[in-house]
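Heads up, there are several structures right after this.
In what comes next, chain A is part of two complexes: it sits with chain B in the first one and with chain C in the second one.
This part shows the complex of A and B:
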């Protein structure tokens, strides 16, 4: 008799687990994301968002999670639907793939880690869920990704032209003459919520906010980082010239890149040919 | 207009309530079955310290416990990657230089509890034929002091002093780890005392009771064995490990001293070796990826020592005899249901056993967690151990066979990035044939009749907290 009771306990225990598993299916469908052939569903992501995101971004996506007060820079406010890292022109919504890449990659030097260990399905669901926080996703569409021409071969001429653009576009005003993020305007910068923001320090050697490749770097200044003082230069720099700026910016990083090696070798014998970067009157 | 996400359907809520109701029912039934017996001495548990959740990381990175834990202390895929990466997120802010000077990488965990233990067929002075012994009351677990973090970018440390409830101190873990050697996640070197790279971690699992708080697969030894090895015991040695960028592919190889984690080189000069290999896949929409893995351990234990005045001299062990453990395990997700199967096969050299044959045995278990929300889960486990070959052929084939069943729940009243607390309920019972339960409950003496089935039960209600 007692043996029967024990087995009843065993069977009922496993039954509970299996019943509960079946009961968790079929959530309501509200918003979707589409990344490649994958479809993410917002309805499936609410517990995922609570688990991974709400602590900083807040239950309502308004960047008011309990941990937000301790974070610098502050977490993204999804209710504004303004995103830094996009493949689309400035002022437009990012593609689902842009958001998916951001979740996957994280943001270097911030509290946003790379969530690459989550399954692609989970990440796609979270992208769909993020889009429920702003009505812009119901009334508008993602912008059309910019066209990026093929990267030309690396050359000294390309890097020198990029250096000229760095001067002409006044990148140094924020990023500093050596790319240390210490330009004359650096201390005055604020984001779209009037919070202080620091320009990127190329000498930190870390990855870029929106990726690690030359192509990512090209996208950053051609689309701008919306919500920050970093504008889009799509109207000011010809697409082909953009690669020249990429090649030069790579030389500002303390990394062993092809650009840095070629630039360093050239500088050893031609440094005197360069005019200093900086405000008018410093030699330009 | 904002799109509102509907809550889970009524069916899910009903299942949740049903889970809670039946779980409570099982616990109540267990209480009734185990109660009303005479009080007597009950040996304390296997004293498995839990490396557990580490709120120091939550405080450092500002992430909720649920970011790294399915429910703490069990790691999820993100937490596993974080651990594999040397407790680093990889956001260029992992070095302690980026932390406030006041940051102190320490967390503590302990578990005030009420529990009941009841074990049948226990031999006592007054009852040489055996009787049921039970003990119940409020009690304490030990305290784990979890000091883990980074000394510098890509240099990780771990230090886990422990304090048992009776005042005994210990050093559960102490290691340094060099991460991402050559800028590659495939090369990491850890030296010191640490948990083996068990996919089904006993240090981070969600069971606490005397009979449920360990795995037979990790601690079982046949009757009369002179071996002291336990997969679940932290070992001393060096581990070389690696993983893919997302930690879906993982491996480790380790060289370990033959002392089962005891410092001071009490055993011999030989070395044990272990390997693990696992691969995760990400089909479907479960709470995590599907992972399968294999593991193996080849060990030695000395059979003779140099002596002085008849006493063995530590570290002089010789006449090493081998043993091995091999197995396979998995972590599978069906929606919010997590299944953790494990099968293993073990063999000891005959010289480590009681007779002329090499004792061999097999183990299989299935553990299931239903993670209803990041703050509530119900769980169950069934595990069986069967002797395949007895060291002494005269021994009954079933001597030492064991069955273990456990059912429980954990509820987390809040979920923040500073600390954590869980209301823990658990009922666990084991049936061992001819031997005392491995939990140590009861008198610890084997029954006179090797065919006797000994039942040992634990009922535990606890507040499990870490800060």
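This part shows the complex of A and C:
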């Protein structure tokens, strides 16, 4: 029965509800979070955390909860204070809103569900609680969110330039020449705990790890996904050019998007103008 | 000139006693010198297959690069061992000169790099391929930046003492260390395993040797005046 319960926990993603962690004497949690007009209080989140989060993330936030051994990818280790989805530069702490969005959105292709069943106030409290697990939240503060210029109108020129960036930045080394996540470096990628990790496969058409919008996609490659092999390109891609890459990346997804429609129509008569993507010698 | 300066001028990555090149004069104070060696059977230095990066594979076609996690030299010497004053340091001015790290031929040069807190560190990509530099810091902030072909150097610094492994995810064999030390009394051994810590005021010091796979060893040493004391470190090597 015990193993059955664990199995439920894994397959449902909501299973932490079924096996709430036992109480552990947590120290007083003075941390707060500020999201819009809301203020979250860590002290208020203790029962919430123990019931909904500790099963995977552990009582001490160290990713060693009861369910963690069954989960792949592993739950976030809050003691490291390293977070994938941020609006802030690589190497900086995320904003409270970044963490709130992550709890709300969940992480596609992982066991972390969207916690929309909790009230916004509950989620704000949990964000404050998460920040008690690492001293970095006491000695440091969130980074300054990157500046994102307004998205320009879609154009073939923008997508073609984005494609050039995909080649020049060597995105294909991991994501593959067609964005299938099968580049020459894909098989050997590991995260900051030396665990295998896969690059995003654009042909899956799935949501991105950090959202669904073009703006989310922009943030992913400009800030990088800290703790993973995905680096920040903020030093290498000009802010305005970032939108060109976004527009091209959308064409790699098998989705009915404005980018895909425009690209497909243009390709029908201009495909021969494009050089192949890939290592030197493949036409570059 | 402190030991750190010697490393910067001489280029610790050149091997052997390269770190001593450029030593203008012996600074006042005592010296602790010696050699780091191993007993037992160390892992073999294996050729790195860079076939997945044709640019780098071509560079090393004549002589493949060997793994550096355990680098041995003549007479059982151990290279890339940090030897430093881990206790008893009487303080030194913050280092301000810029330290350089190169990504060249899909290798980190030097493999083991020492900086002091907040010392400028410039990271160059000398290759005709992209790298991403990913220091796996825990005490300091972990970050991960892409550095495409021809990109300017990345300006970095580390705030707190920590031994930080660094890797390139694109080229998984690329592995190095950023060692952040508060003391200015340190050396990294070359192929001959030799080290020399100079300019030490009289006092009792703990000298620690660190090797990335074999861990640390420490010895207490007391020096007076301008004497030179000899200290040796012997690591017990295992093949795995």
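Basically, the second predicted complex is superposed on the first by the 255 of 284 C-alpha atoms of A that agree within 3 Å, B and C clash if a C-alpha of one lies under 4 Å from a C-alpha of the other, contacts with A are read in each partner's own complex, and residues count from 1 in each chain.
The criterion applied here is as follows: contacts are C-beta pairs under 8 Å (C-beta built on N, C-alpha and C of every residue); 3 or more make two chains touch, one makes a residue touch a chain.
Because the structure is a prediction, the values reported are computed rather than measured.
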* Report the partner of chain A that touches more of its residues: chain B or chain C. => B
* Touching A:273 in the superposition: chain B (first), chain C (second), both, neither? -> neither
* Is A:109 touching the first partner chain B, the second partner chain C, both, or neither of them? -> first
* To do: In the overlay, answer first, second, both or neither for which of chain B and chain C A:256 touches.
  => neither
* Asked: Where does A:185 make contact in the superposed view: on chain B (first), on chain C (second), on both, or on neither?
  -> second
* Asked: Looking at the overlay, what does A:42 touch: chain B (first), chain C (second), both, or neither?
  -> first
* Asked: Which holds for A:90: it touches chain B only (first), chain C only (second), both, or neither?
  -> second
* Asked: What residues of chain A sit close enough to touch chain C in their complex?
  -> 80, 82, 90-92, 136, 140, 168-170, 173-174, 184-185, 188-190, 192, 224, 226-236, 279-281
* Residue ranges of chain A in contact with chain B within the complex -> 2, 5-6, 9-10, 12-28, 30-31, 42-44, 46-47, 50-52, 54-56, 66-67, 70-71, 106-122, 125, 129, 132-135, 138, 204, 206-207
* Please name which positions on chain B make contact with chain A in the complex. => 1-9, 11-12, 14-16, 18-19, 22-23, 25-26, 29-30, 33, 61-64, 66-67, 77-78, 80-81, 89-93, 245-248, 282, 284-289, 334-337, 368, 370, 372-374, 378-380, 382, 405, 407, 415-417, 427, 429
* Structure fact -> Residue set of chain C touching chain A in the complex reads 52-55, 129-130, 132-134, 136, 138, 141-149, 151-152, 154, 169-172
